Structures are given as structure tokens and as C-alpha cells.
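After this come two complexes, each holding subunit A, first together with subunit B and then together with subunit C.
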Partner chain A sequence: MNRLSKIFFTLSAIILSIPAWAQQRFPKPEFETGYVQPATSQTSPRLLFLEYLDVFVLMAALAVATWFVVKKRSRRGVMWTSVFSLLYFGFYREGCICSIGAIQNITLAIFDPAYVLPLTALLFFLLPLVVSLFYGRTFCAGVCPLGAIQDLVAFRPIELPKWLQKVLGMIPYLYLGLAILYAATRSEFLICRYDPFVGFFRFDADFQMLLLGGLFLLVGIFVARPYCRFFCPYGVLLGWMSTFSKKHMQITPSNCIQCKLCANSCPFGAIEKPVEEEGNRRTNVQRLMTYLFFIPLWIGIGGLAGSALHVPLAKFNKTVYLAEQLVVHPEFKQDPDHLDARAFMQSGKSMDTLVEEAKAIRSQFYWGGWLLGGFMGLVVGLTLVKLASHRNRKDYEPDKTNCLSCGRCMDYCPVKN
Partner chain B sequence: MLVNSKLGTVNFMEGKDKLKQTDKLKLARIIAWGAAIFSLIVSVMLIANYLQLKMVDPLESPALKLLVEQLHENPNDDVLKENIRALDLLIRKAYFTSQWQIRTGAYLLIFGVLVFVLAVRYQKSLRSGLEELESIEKDPFLDKQLARKWLVFSSAGFFVLALLAGFSSSNILDQYEPETVEEKLADNQVEVIEVQPVATPEPVAAEPEVEESPDENLATETEEEHAEEAEPVAVKEEKAADPTSAEVQPAIPSKEEFRKNYPFFRGPDGDGISYKMNVPEKWDMASGDQVLWKVKVPKHGYNSPIVWGDQLFVSGADQEAREVYCYHATSGDLLWTAQANQIQGSPAKMPKVTEDTGLAAPTMATNGQAVFALFGTGDLLATDMNGKRVWAKNLGVPDNHYGHSSSLIIFKDKLIVQYDTNRGSKVMALSTVDGSTQWETTRKVNISWASPVLADVEGKPQLILTADPLVAGYDPETGKELWTVDCMMGEVGPSVGYTNGVVYAANEYAILAAIKIGATAEVIWEESEYLPEVASPLAVDGFLLIATSYGVVACYNATDGTKYWEQEYADGIYASPVYAEGKVYVMDMGGNLHVIRLGKEFELVAESALGEKAVCAPVFANGRMYLRGFDQLYCIGK
Partner chain C sequence: MNAKKEHKPVDRRKFIQNGMRLTLGASLVGVTGLASLKLSANDYVWQLDPFKCVYCGRCADYCVLTPSAVKCVHAYDLCGYCDLCGGYLKPDANALSTAAENQLCPTAAIKRKFVEDPYFEYEIEEDLCIGCAKCVEGCSSFGNGSLHLQVRHDLCVNCNECSIARVCPADAFERVPVSSPYKIKGDFQAENNNPDPA
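And now, the complex of A and B:
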């Protein structure tokens, strides 16, 4: 066992033993029957070979899903692969480890030299991206348990207007930026905390989170895969990779007969119609140039807004939150029921030190806010440029960035050979 | 005819298939609806159950609390005990049944949803036609135009909102201004101690305040008379400078002299072992049998009495004053009262402490020449045996969220103070003569409430302290740290037990560790079944006794940790068990003293009730036993 694995296992053991500690604080009941209290036991860390098994299953599921999408062109095959993934990565592995959350592990490893990145987290992050770079988002189609659970309930999907898709499509970028910001500042693993489906996988969650997951599934009956399309931060990265994929799935295996069935089958609005340029060419180019010109402005405004938000954003960091609480309510320091205040007092740190630490973290949020806001401005600017640009298209084609490779369009396409 | 017949057969077959198809569709639809309704009902029940479980906490049942309160009033009511146990069991059953219901309900819901999904999917697969989306009218050019417009407006709106939210948010951290010590004092705020050397006290500037009775030997003043005493004379940090007035003798009492008396918390070594003989075992408060006297202590305090000769000392404090009381051990008369006031560095405003600790939790110490009292304010007062102030100083207000409770102990001419606070930890030795610092050792531990213990380790005295995370031994002559063992955690209240070269340290939610000390220190056994929250372990004659805050007294083999017996009482135990004459005296919080013969089998010698709550350990002297309840002081004996 290498050093990384040992450290990872130690950390896992500590985390897994937390419920055992909590259990011990529960007062022992009274027994008169001679019942002997069992010794407190701690759950063993997951065996190393099982960790590697997860990676192997991921690779196998990616390969099978990709084979069904690209080679076999089988919607049924993709669907059953996703059902398997739902059972394995969802209900058996209880939603952890997952590629979406791995973004945070990677970020933390970059910004915190003390954090040792588990190899499995790295592979779960990289493998789907690599596959997407060549074959499109087959991970979303057949491997992601979050996608699978939503796909199964998409009974009566409706098509959303393009403007709404574009506006809602900004959320994943924001979520990605926030997740990176909070992981980089060692504040929070936002994606894991607000995973709406992990409660179902574990049969255990806060009521609010179960409600959120239930709402996503309810909305998912009519708006297919709402989390994947309008929230998933990993989908942003997969989309970028998929944009450059050379062997992305094709709707039709040979010549398109322009029957439109595929366009009407896609619940994600990810099929581009045949189109020819409308309007005056010169005006269109001028519009495009205008939007290009405004990109730096969007970045500036976004950066300014992000930096201005650093104070409220930093409140979600527990050190900043505690410092602010103790500044406003110094009496909390003497409150034995205020656990955070008690822990701080017992740490021997002074209030000055706490405030200094909080200010340092807030400073990170300030610069992080500039980057986050600037990134969002860039995304808005580039999306507008894309919406202002034009490319003639003769056939129905998948939008490589947003296509989830589910295979519905292939299933509907009457051209089979 | 043949053709017609065949056509008829084909039509019939088609009709049959169609019928079957229709039936299948109908069946799938019925199953889907059934599963949906089932899931909905289960969901509603689950939510209701979840909310119910949130509201019902088995530990917070009002009915149970009421019964427990009744039991406090009638601790020997066995029927009530049975009722409490039955109700407790019932509530726990209900709680865990609810948990089981939620888990089972979750499985049922998953099953229902799965059936629903499969039924709908099957239904869709039976339909021959392709299902197309509920499409909307699309014009790529106009759609893009509209999308650009919405994106510009929504993004700009979002950024503007972010700017407004950012600029309107209050920057709380920038409002923080570090306060200087002077500012804190000026604002009547509590000064908090940093680990730093204790300042050398200044000479006496005025007469110490003593409230004495007319008769110097046997005071008969009442409490009310003391209240009429003159205003105290302001003094600075002070020490005995006038050799003629000082009654403090430089001679160091021998170990035997200490053992003849009861000079510290938990006896002459602070380990819970008393060397007294002919110790009383029981009394009857109702008839007054064996109750020699009882008096109300003017001010409240959780410190145990100490006795030297015929003088008994306790301290008390409230928001107004901190006082030391000297009682005549035989008659119970209040001989004198000394006030710990006008001490330089003493906070103008009392630090916040919890009710169950108070400002006078540390037990006093005496060497027969002077009496020393420490308060939750950090005020340390030394008086002679007549209550005349010898010296006084403030050690810095201990930053302690419950209140400082570590008791004092004396080694030769050194007053040992364990000062583990939220702002740093240290142990220090002050001169018993003038309060000057003899040595001071910084400790790498968190705040604690435990007291120092003096142990004889291979013929050499050793000072043993416990806190989170270290149990440590020190040379009481120099303060040098001799050994540490990292085995404690949490808010350590119990002091250590010691016998035969083994230190016993324990704390609730941590562990009970037996540490063999010598050239090295190592844990020889550990146990976690019963752990004390406040009461210190008692180790004597190969036995180890643990008293828990939930009322269990457990006896172990001190050598290997084998449990001999356990005994449970209705009331929890905060007072440390003490040993005298082959018996262990355990005072529970209900004020019931349980006298248990030390042995491998549990044997109750006697039980008596004070009639009021108690958390102080019994004290033995002059063939009598002294007990302190919440309000009164008792002398038991013949």
C-alpha cells in the first residue's frame, strides 16, 4: 500500500468513525437483565481493491455505454447501462465517489498542499473527460447515476424555448465557479452538500434535501434531466470536452432524409436544425463584432460584481462565520451551548487571531470573487457571441456541447443502415 | 370459402392481439396508477413520521422529566423507579420503532416508485407510434435573437443584483477593534489571562480585613453581626511585610502533620485517601442522631471543607463578594470571615460562570499556618489562621466558560495552582509565605477543571495533573515536567487517582487509563464502560472506584482493570469518592451518602440522607465527618 493510499484510508477511517463517537455521547440506557453493553465498534475503511474495483467498473461502464452509443447505436443498451450504473454507483456506492464531486477534490489538491488527492478521485474526474474528448458525453448517457435516475422519470418531456434554455444554462457555470471557489478556500464541498439525489441513494438525508431531490424528479417528468442540464457543474467540463470530440455519435448512420423525427425526439433540445443565414450579411457580421467587442466589458462587470459579493460569499466559510458571530455577539464566547465558540475558546486562539484568519479568508474570497465574476462575464460574452454567429447547416446534427448521447434520436431515426 | 375462412381467422387473430394489447395497456395503466397512489400515501406517511420523530426526543420527554423530578424528592420510591424505567423503555421503543418505520417506508417508497416507473415504461413500449415532444414553434433566427435579449437582460440584472447585494452587505469584521487591557478594565469588562509569569506581589499597604469575634479562641458572632463590620480597607497586592504581625511560621509541616488533618481537596495528598480512624458512617437528619451541628454557609460555593486542628474552612462567593469562612470544628460556630476584596487586578465585573460551578468552586488549602482560597475571578487570598490577610493577588481572570474549579494543594512551602484556561494553561508554585512565584511551567493542554494530586513515586514526591490531552507528572520542587501520556480528551473534570506507582485518569467520553509511572510512563490498561464526568477516580489498596454522573459506582481491580462490581444509584454523582478506614464514602447529588466496604464484592455499610443536594466530597477529622450541602455545612459524629 503506498503512502497516498494509507493517508486516504486513515482519513476515511476518521470520517467513518464520527458516527461512532456521536453514538457514544448518547446516554447508556438502563438494563436490569444482565445485558452487557457491546463495545463501540468502528466501520472499517473501504478495502483498497474495492476502491480500484470502482474505477474498473467506471471504465467498464464508460466503455460499454460508448460502445452502445457509437458502435451499436442502441438506445436500449444505453438505457440498461444507465440502470446498472444507477444501481452500482447510486444505490450500492451511495453516490460516492462520483465524478461530479471529484471537481472539488481536484481543486482542493491544487490549493491545499496538505491535502492528499485520492487516486480514485483523480481517475473519476479524468476518465469521463477523456472519453468525452473523443466520443462525446457517453458518461452522462450511461454512467452517471444522477443522470440515470432523472432519465428514468422523463415520461412526458416538453421542449423549452431556446431563450429559457440559454438563461438557465448559465447556472451550471455559476455552480462550477462557486464549487471551485469554496473548495479552493477550504470552506465547503458545495456539490456534495447540495447533491439532491444522494439522499435517495442512501435512504437518509435532511428532509429539505429529500424534498429538493423529489422536486427535481417531479420537474424531471416534464423537463428532462433538469439537474444535468441546468445545474451540473461537471456537465460544463464534459460539454467543453465533447465540443471537440471527433467520434461523437451521429443521428443518422448515412444520409439524413430530413424527417425531423430526431429533432422532435430529443428532450434536451440538443439537436441543431438545418439552417441558412437570414438577414443582411453585413448587419450580422457587425452584430457579431459588437458582441465580441463587449466581451471585456462583461468580464469587467462580472469581476466587479463577484468581488463586491465577497463579503456575503465568505459568510459560508465557518471561520468567517464564527468570527462575525463573536464580533457581533461576544457573549457567545461564554455560552457553553455554542459548540463552535467553545471549540474556539478551547483552542487557545485569541479573538485577534480569529479575526485575522477570517480576514485572510475573506481576502481570498475577494480575489476569488473577481475570478468567478470575470469567468461568468466571459461565459455570458461568449454565449452571446455564439448566439450572434451563424453557421449554415444542411442536416439535423447533434449539438456536441449539450448532447447527452442518450441515443433517443438514433432510435427514432428511420435510416438504420 | 377457404379464402374467406382464412381472412376471418386472420381478422380474429388480429382482433385477439389487439385485445391483448389493449388489456396489457389497461393493466399497465392500472398498475402505474396503483403504484403512484401507493407511493403518494407512503410519502405522506413518511413525512408525517419524520416530523413526528423530529419532535419526539426520548431524552426530552416532559412526563419522564416530571417523574425524575419526583424521584429526586423521593429517592427511595421503588414504584416510581419502576414507572420511570417502564416509561423510559416505552419512549425508547417508540423512538426506535419510528426510525424503523421511516426506513421501512423508504424501502416501500422505492419499491412503489420503481413499479410506477416500470409500468409507465412498459406502457410506453406497448404504444406502436413514436412519441414526439410537445414541440413549440421554432424559428432559429428569431429564437437566437430572443435568447440574446434574455441573456443580456438576465445577466446584467444578475450582476447588478450582485453589486447591490455586495455593497449593501455589512462588513462586520472591519468593525472589530482589538481592545487593550486598559480599555477592558475601563469598560468593566473581564480581563482574560494570557500565559505569563505571575507578578511578584507588593508589600502590605494596609491591614487586611478580618471579621473576628470578641473571643479570639471561640467566636460567637452571628452572620448578621459580620455584615455590620466596617468597610474593607483598600489594599494593593500584598504580602506579609511586618514580621511582628505575621503569624505565618516559616516551618514546613511534616507529612504526618498534613495527614493528621484534612488540609486539601480529597485529603492530605489530594488523592481521596484519608488516614483517619473511627470515622462515622451514618446519621439521621430527622431525629438529629449523630448530627452534631449544622450551619448555613453565608455565601454559596461548591468547594469542600478543609480542616486543620479545630478549625474548618470553606469559601463562598456571589456577584457581590468573595469570602472565606472559618468555623469551629467542634461547635460549628463561625469564628471569622475574611473577604477577598480590594485585590489589584481583580475584575470589577464578575466573569460569567455557570450555576453548577459558581465563583467558589476550588477547595481551599491550608498548612496550619495560613489558609489559601482561590476564586473564579482569579483572586487568590492568603490569611493566617485568625483570618488576617497575609497576602493576596489576582492571577488574571481565568477564561473559563463554566468557571474555574481547580483546587489548591501545598507542597512544603509551595502553594500549587493548576491554571488551565481557554487562553493557555500552566501550573505554578507560589510561596506560601508571600505569594511570590517559585516556579511556573507552561502546559500544552486545553482548559481543564481537574485538581493537582501529590503522589509518592518511588520515594520521591511528584505532582500529577490531568487535562486534555495530557496526563503529566511534574517535580513539585522545580516544576519540571517529568513525563506525559497523551490519553485524555474533552473537558476534563476528574482529577487523577493514584496508588502503588499507577496513575488512574479518566473522563467522560474519553477513557479510563491506568498509567504505570516510573522511569517512563505507559498505559497498562484502558477501560471505557463507566467514565466519570466530575468525580475523581479513587485508587486504594488494589481497588479502583469510578463514580459517574449518571449514578453508577464501579469497582475495578486496579492492577488489570477487571471489574469487580457495579452499583447504580438514582442520583448522579459529582462528589469524588473518598476512602477512610476500609470504607468508601460516596455522596450522590441527591445528598445521599453511601458508605461501601472496600472489597471484591459490593457491600453496603450504611446510607444516610442530608436532605439537600450535595456535590462536595465528605471530609474527616477529629473522629467526625464534615459534609457540605448546597446551603448548609454539617458535622456528623458522636
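And now, the complex of A and C:
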């Protein structure tokens, strides 16, 4: 009897709860006093037209910066363009969307079937690269708000030792690879999460991020534009384009008089001094060939290391992390304070499904790890090849890969038309 | 690299330069082409699906803005106008009154107004709301669920990746077209061929 009543009670509770889902537990009353129900307010988002205006401003700023760098040769013009960009893209648009972060939108569009790519994001990604392919990194000089804020605090730049520049200069490649890996596995947008300056643009951020941004600006007083040179993943892509650009900023309008003023003026160490080839040509070429020969080895080592790291790398994915936690600590499933576990239990998904999903993501990280590691191996190999190769140079020239086209050297060059 | 062409270094360099420029240009076109398969001229904003929401309270803490751009909204059509409101009053409230100690909302952002016996209207004062979802939990557990969270687009700065979406345990956040930026309960239910009974 007792059991029967329990069953009856449970059944009636279920039956009673069904209409509560389909209808409301407490139906809306019929008012007699002429009460008018207020409307639920819906404030509208930013107009689509304004998003396209941003693209237009980007185009205009790129054009103006390029004109100042390549044609007008005016450092002052470049600087004021960058101040404008800092105000518009930084403080007015609050740092979003930016070309650096757009890398991840493009990656997501390629790898996530559910993601729809806004045209604005594609243009933000594409336009600076195209300009860079023709005129060098004028985007870095005058348009990027992150670059502008650092450029303005570079008061006492010191020259870093060449080896340190080379070693630190490999970080952006790693950052780019990781950002693409995490975007492609739909884990997160690394670049946006660790953007050190967006907090300043919004006057609001976590304490850690403000600290990081402050640190970058503080270091930036002595090491000019540290984020651009040693972290920026978009800078890698821009550097590739700029290396083979059709035109590029020139230090002198006519003939170099070897006064070395430009090399001293460059805060980024991006001016190459004149060099004559040293030693025997034949041994030099042989050394170069050896280094080229070793590149596949570097790729293999990198790939092995990257794939070996796939388990810790995958930990930063939400699903993988939750699955790992619930497998190791099944008691979390009953813990009401563990929000993720509680939400998972409420969702009605089975543990097997979760583990399957986590495994699938982990295997994406395994292959991604191979690619990322191989890419880093290639970067190391090519950096060594570049160190081993000689190129005769009579004059001071900008290093087209790393030159940010800021125009300080043009300003310092005593040669005028 | 090639010893035979050594006497014409400039031409070789130019050849490599042009070749690489073409390659880079072509790869840009390729990447653009791949990405263009998903292209839309529309823009997208973040919104949360109130039917997926589990009222965990992270919306209040993880938004890049302080206070959060996620606020509670009230779908009046779904409201029962109860005197004993699960979203307004603490479960152990001493009395059905507006006294501060009885209110569930930590910032007293819900205004209770008498309409007619025995009904009360509940209105959200958005300037005070921090998006903690305490009232949403109360309303959904004991009432009709007319109180629910939404991203307010006059406040949201539309980050490339919403920092709440990254930690949302229910995966309730999604990118929605800018032309239909809200998922207000009631209107939104109607879209799903589940007509609103009220």
C-alpha cells in the first residue's frame, strides 16, 4: 500500500508537471482595472552600417599611412595617423574587431561548419595583408591601435643583442600556431583573451590583464613595441608579405652616405648594416647547404614534440577539461558547487558521450600538435639558414621582414632630395 | 644556392622575390576562398538562449564589463503576477513585502508594484541589475520562468569571443545575426513553433 501510494504520488507529480511545461504554472491573470502591461525593452545593437564604416576607416587609414610612408616620407604624418587610429580603433571602437584577432575568425570559418563569417571580419583580416604585399608593413606603422599605444611610450629604446632578438622573434610564430590550433579546435580565441591593451581601451579589465598591459607598456619604454616584435601573431603574416613586397619604405631618397644615423634611430633593430661576405665562398655555400639539409630533421623533431604535448595542450579545451575532471573525480558529479559538473548532469548527456567528445577533440590536438610542432621546426630551421647565409650589402637598408615602416629613419636621414 | 647562376645575383633575387610574391598572393586568395564559403554580409552579436541557461551566475563575473552587459529581462506575457514571487522573495522570507531582508535580488533591482488584488507587477531596473541570475533561478524553479537573462546590446561591446561564452557551463551563448539580436522568452518561443499559451 505504502509502495503503491509512492508510485501514485510520483506518477501524479509527473503528470501534473507536464502541463506546467506546456502551459504556465501560474497563468497570466485577466486584469479588471485596465492595467496595461509594459513592453519588454529591446535595445538595439550597433548599426550594421557603422560596422562597414569601420572597414572604410580601416581602408582610409591604410591608404593615408601608406602614402605618408612610401610617397610623402613623413614621420610626423605617420605618427598622427597612428594617433588617430589609436583613438578610433582603440578608444572609440574599444579594440574589437581588430585585424590581429581576425586570424581566428578566418580559422574558425574554415574549420567550424556552424560558424558564419561576417564580411567585415574577412576584410579586417585581408586588407592589411594585401597592402603589406605591395607596400610593406604600413599597417603596423599607422593603423594598428596596439602598435600605436606602444609606439607612443617608446621613450628610451635600447638595442637588444642580436641573438636575443632572434630567440624572442620566434615567439610570434609559436603564438600564431597556438592561436590557430585553439581556434581550429573550437576551444577558444587565445589572441583576444590575452590581448594586453584592450583593457586600457575599455578602461576596464581583470587585474591580471591590466597588470600584463602595464608591464608591456613599462617594458615598452626601453624595448620599443615589445608586443609587436615578440608576440604579435599577425605580425608574422605581415612580415611574410612585407619580405616580398613590391615596394617598401626607403631610408634615403637618393644615395646613402653611410652616416649610420638611421641605424641609431631605429628603435626596433630593423636596419641592416652594410656587410661584405666573410671567408671562403665555397665553405659558406656548403654550410648553407648543410643547414638546409637539416630542415626536415628540425620539422620531425618539432612534430614529435608537438604531438607529445597534445594532452596538456588539449587541457585548455572546456570539454576535455570537464571530461578529465569527471573521470578522475566522479564525486564531482554530485557536488552542487561544481557548476560545470552540475550543468553537465542537468543536460542529460551521458558520461560516455562526453568522453567520446573529449577523445575526438584530443585527437584533433594530436594532429594539430604535429602540424604546430612541424611548423615550429621549420621556423627554427629557416632562422638558422638565415643566420648562416650572407648577402652583400653596400648601404644601410631596412630589414623588410621586421621593419614596421614607422619612418623614424627617414626623419633622421640627412640626405634630402 | 645555385652556383651556375652566381654571375647574375640580382636577377635571381628578383625572380625569387616575384615568385614568392605571387605565391603569397595566391595563398591569400586561397585562404579567402576557403573562408568565403561561410561568408555573410550580415554582422553577428552574442546572445544567450534562455532555455539553455542554468542560472549559474557566471554572467555577473566573467563579462569584460563591470557590471556585466548581461541583464535580467522580464517577459511580462509569461508572468503570473504572483504575490508570492519566487524571483522577488527569498525562499525563507518573513513576509510578502518589499522589505530589504525579504528580497532575493542582491542589488534590489526588482521593483514590485501593486496592480490589483492579489496581483503584483515586477519590473527590472537595469541600472542596478548585475546579471547574477538569482531571480532567474527563483522564477524558473517556483514560477513561470518569465524572468530570464539577455545580453543587452546597448552595453555589450561585442568582443570577438565573448568571455562569458567561454565559461558558460551550458553552452547557452551563441552568435546571432544583428538583425534579430534577442532571444526574449515568448517571442523566441513562437519562433520555435511552440506558441505562447498566454
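Observations on the structure shown:
By our rule, the second predicted complex is superposed on the first by the 374 of 417 C-alpha atoms of A that agree within 3 Å, B and C clash if a C-alpha of one lies under 4 Å from a C-alpha of the other, contacts with A are read in each partner's own complex, and residues count from 1 in each chain.
Just so we're on the same page, a contact is a pair of C-beta atoms (placed from the backbone, for glycine too) under 8 Å apart; a residue touches a chain by one contact, two chains touch by 3 or more.
Every value quoted in this text rests on a predicted model; they were computed, and no experiment measured them.
In the superposition on chain A, contact is made by A:Gln346 with both subunit B and subunit C.
Using the contact criterion defined above for the overlaid structures, shared-chain residue A:Val327 touches subunit B, although it does not reach subunit C. Contacts of A:Gln37 after superposition: both subunit B and subunit C are touched. By the touch criterion stated above, A:Val355 is placed in contact with subunit B alone, subunit C being left untouched. Touched by subunit B in one complex and by subunit C in the other are residues 24-25, 27-29, 32, 37, 39-40, 342, 346-347 of subunit A.
Subunit A contributes residues 22-29, 31-33, 35, 37-46, 48, 51, 94, 96-98, 101-102, 104-106, 109-110, 115-120, 122, 126, 129-130, 133, 188-189, 192-193, 198, 202, 204-205, 240-241, 243-246, 285, 288-289, 292, 318, 339-340, 342-344, 346-347 to its touches with subunit C in the complex. Listed in rising order, the residues of subunit C touching subunit A in the complex are 1, 3, 17, 20-21, 24-25, 28, 31-32, 34-45, 54, 56-58, 64-66, 73-82, 115-116, 119, 121, 123, 126, 143-144, 152-161, 163, 166-167, 169-170, 175, 178-179, 181-182, 184, 186, 197-198. Residues of subunit A that touch subunit B in their complex: 21, 24-25, 27-30, 32, 37, 39-40, 152-153, 155-159, 161-167, 170, 200, 203, 207, 214, 261, 264-267, 273, 275, 278-279, 291, 298, 301-302, 304-312, 320, 323-324, 327-328, 331, 333-336, 342, 345-348, 350-352, 355, 358-359, 362, 373, 376-377, 380, 383-384, 387-388, 412. Put simply, subunit B touches subunit A in their complex at residues 43, 47, 50, 54, 59, 85, 88-89, 92, 103, 106-107, 110, 117, 120-121, 124, 130, 132-136, 138, 140-141, 143-144, 146-152, 154-156, 158-160, 162-163, 165-167, 169-173, 175-176, 178, 351-352, 354, 399, 401-402, 422-425, 446-447, 468, 491, 509, 528-529, 550, 568.
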